[in-house]
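Handing you a structure now.
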């Protein structure tokens, strides 16, 4: 922490700040310029100290110099985190494809999608049983029945399952079926929920909040890790900006930035970010070129009858085309194909 | 719903769209321009229909023409909603002041703050027992002990209590103590939580999400109301923008807009929005001039020792000054003083 | 300037940074923490130095501690800048009203508007002769003919004129007619234009750019002042955010912030910010409550026939109502009525 | 244009709207729903009509259904625009690399950079002679001397030149030297400047404004084209968002969107967008994967002594590495290498 004193701060004010730093159990270190006095704080500041220092007379500005997270920080481990899901190693050399419908609608819809994405090379099946919907009048998901269908699709195809959990009390039920617990964008800073999945031993995919900075997003991951669960992957899915042509603004720079700041794998969801099926393929390719470890793609057997997010869903044919193109990019950036679940049997959840 | 066909769409494509509208149980109404065909849809579209229509061949764009909420819409009731909290009528002619510390820290801190804000004219005491904090290493609140202290402050001063609830399972405990259940900005779209408070009979204050449009915010209120609880007040507390001098960007236009679109009362929280104590008073005055029904203000007996958000907290003296200035503005815009709890005894929660 | 070294930076790297600081003609001041070394730089850094330091091996981050502007900074002068326009003192105790049509359309339209706003208490007449329009197919203004009509309106009513200048070569022609030269939001960082108006002796109103931070906006003012013209007033008129109900997001916190950082007067334009006539009055009142020194309001005799921005224009009756309400707020915040041009004859431009 | 009447609008109001549409010279077409009446407008609406209609009694909302640009619209031409610059065909199958220093500083710096980027495969040399700088105290460029050095670099290497022009009166001088006239982000909506370059016969690169939507950006291109110059390329260079780790937020979705809406080539500038040299390569690769026709990259022989934007400049070695990696991505997306200037002699400007 660095405290910049106001131009013209008195010696008394400077001494008072230094005394307050000592009262917080830390050491001040003064650095006097011609115009401005700067006081460095040696040691780890306790909570709220930045705010408290800012209020002292003569203080112009207080700046933090240490990162507000530890477990998620790149400095924390020597090597990037790799998370095994089914046969795929997320964060390893391969690019992992997670695909499936926005929401589970019927047995047939889910199984058709599951077989389709599997044939096209998907490593993980996505599908929502519990759906956060902006309006209460939209389809809210099949809920527990949806979980049962996901379990069936898993049994039949061997594809591991990623599905969203929306509230702490539902974590046990979703845990039974899911291979990866998904935290949605609206729950990125739902701390009781983060703590609850942090107490499980299943991998968690944390979607960036629509209004969250990269820093706040990694701190949300820290909330999960602080409870003991180190298997967290980050998912960029678009942020709010003034541009309205796309549903949100996919912040692909967040991929290399998050990988520089943290050792956690980074996934990209171009379907929700863009909201338009015809933008999914170019942005999926761009995501992999930017260094993404995997993709989350909405696929529906018949998007024009989908109960949810049809406009951004790919048909199975379009997904197969995307998978092939993404593979080309993956090779161009020196990544291997990730192992598919056919190759390795998946143990029951 | 209006479907704009692409320039040069074929008759076959137009007929296909019309047939699909009928299959959704609705009536199409074609309106042929020189260049462009527009098809109006008569009736209430089922969920997902907009997305489904957008995918049909020859369709350029689909626009919704009805609002996505009903219970919260101004058209729904003849008169604005008024919520009685203690002696104050929120949404009535008076401007209601809710004030107190960001978080409950100690018995003495809370009671000093409570007595101080009461003397200065506050109608409701705010104080956080459960605190959503960006980093897991900050003070997370006194939790159940904090609730007990709030109950004590209520008993001693007669001030009704507003305090945050962060997860569905804690709603009963918070319900016991609170006169108003607060939903924080990070939980604005936490639907299981909204549904849970929607099943109680206590007033709810819904803070706008940092990344939520006015439309999404009112739809979140609709989630609460759809469960039966009509006593919802909206709270503008700043949104994310590129400006970094203030913590967030207080969107005061949202006050007259929300009051035009909805019949619900609108509160403004200038403390969290600006993040700087010296901006709280001018923005509180501006909020009332813009039509706010009340203010939520952070007050701490000694901000420079606060465990949380000290930089944006007012001293009790500064709050008294704010209250007087706000009163001047309230008179200038033709509002009466709201009734204070001294005048009317508050029944136990 | 403060240079934070990376955790684990070597002594060699630290010495190299210190040597480079000396090569820039400045003094380093090392402040060694347990984990992190911080090097303060004593003296004024030359341009580009921050970027250059950031690239040196072992450097984590470089932070500027001095403001990037001088002439516009509050520290620069003992008292706020007051700009006399006609009889009104902008930045003085009165709240100044500038009103008139978005664009000058006809002689009758302009004179009707001028007489109307004068009767309602306006101090300055606004009207655009040169119009920046998003599309080339919109009305671009009457140009030189518009200037002539403004001169006529000025002669007839005695109201001083504020009008926009869009390019350096037009500054002399606009200078002849205008009492205040307006720089539009799209030209906030058009430096050749800022320099040109900076070389005149007429007051300049600088609208904040739609994508400009408060800091960038004040630096734009510094470009004008650096050429010798100290009569600059800032105008907040909304920034881009994700909210789409309003045309832009009026950032009223920018009013007290800009007045804290700078000694320049601050005007607010609620018409362009909101884009809706029914939001103009509440936001005008809020602006004055937040401390604005004046308002810029679009008024049209018949908004529903306006060639430009009709939806956000007030009728003359609505403007009179706004002026009366604003006056109430001005009194509530302790401001006097500003002098009107009837009281003092205006000298020719 | 579609006019949605308010729920409960009277027949009189509907008839009045229809009459007003006829007075604008167009035909109304009513489409009566159960609840809501919608009136389509047949024909091209004159300027300001949308605003005017919005003000009529009983009108809820007015929506435009035609795009606000024509010449730039994809529908306008059968095939994408290809712009020949030196030997390179921008918008053709090859990916074009434009590289060089942010600003021309010295003869040696420029020529070293020029030879370096040429050896690494650049097609066009960039370099700023006139620099828009946020603060007046930064280096503003060598101006006319910089142009002379660019001409020399062009003569020596054969590389065509792209350089910025900041004001209408400087267009002739820049025209003499430049092969492509660059319009900077702060001038994206500087219409007099757009009109001036629109009256030349040199290609123009139009950078997206920091606060401009895709729609506003394409409309700015329309301003240039409307003056007769059809050789316009668009350049995405980051927009303002709440994320602060990167200088701006690179909106790569804008690449496929702009290419879908318009026939103009799209270039990406990852240097200014990210502001950090280590993000330039991944974002350059992502840009090409997303479909960009070319890249604009800052390269400096010694970034740590640069007078401008050193932190985001690549060394020549790093640029060579980027060029090779981009080539891999280009192949993966099926693009050919663009022709280099060695292959074809460049005619004098």
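Labels A, B, C and D are assigned to the chains in the order they are written; within every chain, residues are numbered from 1.
In the analysis below, a contact is a pair of C-beta atoms (placed from the backbone, for glycine too) under 8 Å apart; a residue touches a chain by one contact, two chains touch by 3 or more.
These numbers were taken from a predicted model, which means no experiment stands behind them.
Any chain that touches chain B and also touches chain C is listed here: A, D.
The chain with its C-alpha centre at the largest distance from the centre of chain A is C.
The interface holding more C-beta pairs in contact, when A-C is weighed against A-D, is A-D. Per-chain CA centroids place chain C at a distance of 27 Å from chain D. Inter-chain centre distance (chain A to chain C, centres taken as mean C-alpha positions): 39 Å. One simple way to say how far apart two chains are is to compare their mean CA positions; for chain A and chain D this gives 31 Å.
For chain A, the set of residues touching two or more other chains reads 211, 239-242, 244. Taken as a contact graph, the chains are fully connected, with every chain touching every other chain. Across the complex, chain B is touched by residues 2, 4, 7, 29, 31-36, 38, 40-43, 60-61, 63, 65-66, 75, 240-242, 244 of chain D.
Residues 47-48, 50-52, 54-56, 68-69, 132-139, 166-170, 186-187, 189-193, 209-212, 216, 219-220, 222-223, 226, 239-240, 277, 303-312 of chain A are the ones touching chain B in the complex. Every residue of chain B that touches chain C in the complex is listed here, in rising order: 211, 213-215, 239-246, 249-257, 260, 273-274, 278-279, 282-283, 285-291, 325, 328-329, 331-333.
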